[in-house]
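In the two complexes below, chain A is the common chain; its partner is chain B in one and chain C in the other.
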Partner chain A sequence: MIEREVTIKNRAGLHTRPAATLVKLAAQFKSDFFINKDGFEINGKSIIGVMTLAAEQGAEMILRFSGEDENDAMAAVVELFERGFDEQ
Partner chain B sequence: MSDQPRQANEILLKGIPAAPGIAIGPSLIFHKTLPIVEERLLQPSEVEAELDRLRQAVARSKKELQKIFRFAEEKLGDEEGKIFEAQLLILEDSVLFDTIFLRIRTELRNAGYIVYDEIEKYHRLMASSRDEYTRERALDVEDLRNRILRNLQEEKLVSKLQTSAIVVSHVLAAADTLILSRNDILGYLTEVGGVTSHTALLARALKIPAVVGVRHVVSMVKEGTPVIIDGYGGNVIIHPSEETLRFYQEKKRKHKEFEDRLADLRDLPAETPDGRQIELVANVELVEELEFVHVQGADGIGLYRSETLLLGKEVFPTEDEQADHYALLADSMFPKMIVIRTFDIGGDKMMAHPVRESNPFLGWRGIRVMLDKTNVFMDQLRAILRASSRKNVKIMFPMVSNIKELREARRYLEEAKRDLVEANIPFDEKIKVGVMIEVPAAAVITEDLAKEVDFLSIGTNDLIQYLLAVDRSNDIVSSLYQEFHPAVVRFLRRIIERGKKEGVTVGMCGEMAGDPLATVLLLGLGLDEFSVVPMMLPEIKKIIRSTKYRDARRVAKHVLSLQTEDEVKSYLLAWMKKRFPDIPQGEGS
Partner chain C sequence: MALEDLKEIVKKSITVGFLFESNKERLKWTSLNGDIGFSKEITNRNIHRPGLALAGYVELFSFDRVQIFGNTEIQYLQHLSFEDRIKAFETIFRFNVPCLVVTNNNPLDKELIGIATNHGISLLQSPFETTKLTYFLGDFLDDQFAPQSVVHGSFIDVYGVGILLVGRSGIGKSEIALDLVERGHRLVADDVVMVTRKGEGILIGAGTDVVKHFMEIRGLGFIDIRSIFGIRAIRFQKRVEVVVELLDWQPDGEFTRTGLDHGHISVLGVEIPHIKLPIFPGKNITVIAEVIALDYLLRHYGYDAAKEFASRLDATIASKSRGKRVIDYFEHDFE
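Let's turn to the complex of A and B:
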């Protein structure tokens, strides 16, 4: 299992659209993916879970991956956070 | 001036007028019945059939939602249609549904119970979120959960009505408002919601009268109870007497007739018989209103409430999005002028990221927010400037309470101009700048503010509530909110006189500007510009065109000598009745 701390960079935070992009990307990997924010953990492949985080711009969270392709999965997901979910 | 007759068994309630028009008809109670969820243990042999039932319910829910989604896009355009996107996405959440299916298998409990229990976990968390956007999504999650449960019980949603009726409900989800509108709906009446609720927005777009925020109304009516809703003033009458019924039928007819007749005034100027020219312009919230603004013959837009752009949005719109939007407004009115007011958020108005304040009306709102959120402010200023290249755009700052705020705001405007110069983007370098006079402090320093702006616009709604220390949404004291309080009248005179002495245009964009009872008084006080809701344009124009400025001055002089609101109102009412016997009376309250 590997993990990485990230900060939300885009203005919308993890609202509907960015949440959908994140979930779709995570679904391409076999690894399990969990997000922990303020001690609360949800499945990163579930949109209703991600929406529940109510993560705003500036929020910090820990991404946890475990599975055969965990390294690739983490690289891709972290990059999406870095890009600010491609929000303008 | 509510002079409608009343009888003992009729009930008069007051709500928030959300969409204009009068509806008279039987009520139809729309219950968002919570599907009853029983917990039942399954025999292992029943499990597969139960899972199948759930699969079918999910499929049906998806079909329903797609139908609503398409209908919304067709009726309201892509943007508004997106209200329903979150629900569709959740319906495709395989993690959620895998968990639900697994739980049914392992816990051997019925699908309805597990669906309720599993989704409720998320719903509870979202409903208690600090984030307003997330709390709104909680309603979506709840609506979706109930949809699945209803489909599990194979109930049909009652959305086909037998007769035309006024829909009465505690709350209407966007989906309900829309679906119900396929039937012959005369009006909407709800217990919760404000002017910016989904119901209000959709009702206006669909041109169906609506009154919202009428507490406990559902318990006061039965199926078929006769109801009148007045979407102009927010009055709701249950069990109207014969007399009231006639009054409102008459009011409805008069409005229709009057509106037809006023159409002739459209292309005539708002000028008094003795030659005083008044700018009669419109308050606008939505682009959808523009056509109506033209039909009603406005001289321009005196107030565009830019914060309506934020409705239902997750984030502040980008500079480009805003620039396109403002350009659309400016182009559609060209060569007439439009005044864009920068985002007025806070107070009771929406906020992208809510902050808790014990007294929001005295808190972080209007220009105060923008001077803290400078990125948002700069984006908006550049966007407004970009729309100004044809020189028909003015810019206005809300909630200014001292001159430092004005200077700071202007400094950002200059910075925005420099950005555009550097980027070689054309704009109106001499764009006119104004401030709202809605804080008593600003009114007191009118002359100082006037020296540094091109125009002033009096926002009476806030000005009156700050001046009289009355929260008009507070039932206990709302009767103390008096437009015609002598203090208000004298304060207005002061603002208008001081402003004009400095050579700036003084306008008014509060509700008072659109109150026909106030027109002659305001005209006599010397107001240069009236900015009113599009619906009131012809009526105000008619009064201006038939009243000599000389007479109006006399009226104002007399009113300034009166000491109670009652005296002011009865004097104006008597004056109006004599001069304008055909104007429909009994507007609002």
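Let's turn to the complex of A and C:
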């Protein structure tokens, strides 16, 4: 199990489009993926779960991966957060 | 995250303002000193009647709780001289109490209200009698400070039994929930279920305010159960009564064959019947979910099919009768 803290960079926050991109990316990996924000933890492969976070710009969250391909999964997902979901 | 080791989230505090606004309708209370002390925080779920503290004994005074003045406290204050009354009041407000509630709409001298205001402490007044107010307020505070967590699963009321479907992402929880709704059952929440431990041994599940009764079906996208199926297809909260875990079928998997060995799963410290269900093509999980609900009701009403069957076998073995047909002799094909 590995984890990493990330911050939402884009102005609009984790809205519907980036949420869909995120779960699609996460679904490509076998590892379990959870997002913890303010103590509540949701399944990062569930779009409804990700949207429940209603994460705004600057929001901090902890990404947790566990499974055989956890390192690849974390690298890919963290990179998506770093890119600000390709938004401003 | 496995259901057994959910992380409990417990609120550390609520503000007096939040307490006041949330209970305005229920407790019909008003504030005697405006919004003074509304930003103060309540960190303790218990309430306290400060009778002894009023009388001057402040050792062990639970000052960090919401304080209640019932008829006893008010009558005690009134039998004191004005000076002693002020003194008694000052004794209490020297401590950092979160707020004070006066029941039965009992009046307070304006000098006493002044003392509370000077200390920045909110004074609330309710027409309810103390027992009733204590009950409502206690219930509200219990709920606010109850341990909570989020479960990834689908939660449906099936024949009045709260069934929580869990299992890996993509195993088909939402599809089963949808099928159950189609058959007349009620969706509580899909994908994100907020569970709260209410009292000892009761787990309540509810949706979140963002998601309400939206659902995602793979290949279809979001659908709104309430709009499609109407008000009969949803409910806001339900006690979690059975956890049904959907598992991929494995030939060497361990699944019960008799139902005598159903286990329990501990969710936020509440023990809940736990059924492990292997799924494979052609298996109608919706019907099985309905049967689980009905069987749960039967057990609740005192009939356990597995035990009944086992004791029937025991009786047959004891009587040494063997493999008889259910009816000894059929004359013709009618009963």
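The definition used in the following text is that the second predicted complex is superposed on the first by the 87 of 88 C-alpha atoms of A that agree within 3 Å, B and C clash if a C-alpha of one lies under 4 Å from a C-alpha of the other, contacts with A are read in each partner's own complex, and residues count from 1 in each chain.
By our rule, a contact is a pair of C-beta atoms (placed from the backbone, for glycine too) under 8 Å apart; a residue touches a chain by one contact, two chains touch by 3 or more.
Note that the structure is a prediction, hence the values are computed from the model and not measured.
Judged by the touch definition given at the top, the superposed model places A:E60 against neither chain B nor chain C.
In the superposed model, A:E3 makes contact with neither chain B nor chain C. When the shared chain is aligned, no partner comes close enough to touch A:E82: not chain B, not chain C.
In the superposition on chain A, A:E68 makes contact with neither chain B nor chain C. After overlaying the two complexes on the shared chain, residue contacts for A:T52 are found with chain B and with chain C alike. Touching more residues of chain A than its counterpart among chain B and chain C is B.
In the superposed model, A:R17 lies in contact with chain B only, and not with chain C. In the superposition on chain A, A:E41 makes contact with chain C only, while chain B stays out of contact range.
The contact surfaces that chain B and chain C form on chain A in the two complexes overlap at residues 27, 43, 45-49, 51-52, 54. Remark: chain C residues 1, 7, 9, 149-150, 152, 169-170, 190-192, 208, 210-211, 214-216 touch chain A in the complex. Chain A meets chain B in the complex at residues 11-13, 15-17, 19-20, 23, 27, 43, 45-49, 51-52, 54, 56, 87-88. Within the complex formed with chain A, the residues of chain B that make contact are 85-86, 89-90, 92-96, 119, 122, 125-126, 129-131, 133-134, 137, 141, 314-316, 318, 320, 353. Here chain A touches chain C in the complex through residues 27, 34, 39-43, 45-49, 51-52, 54, going by the rule given at the top.
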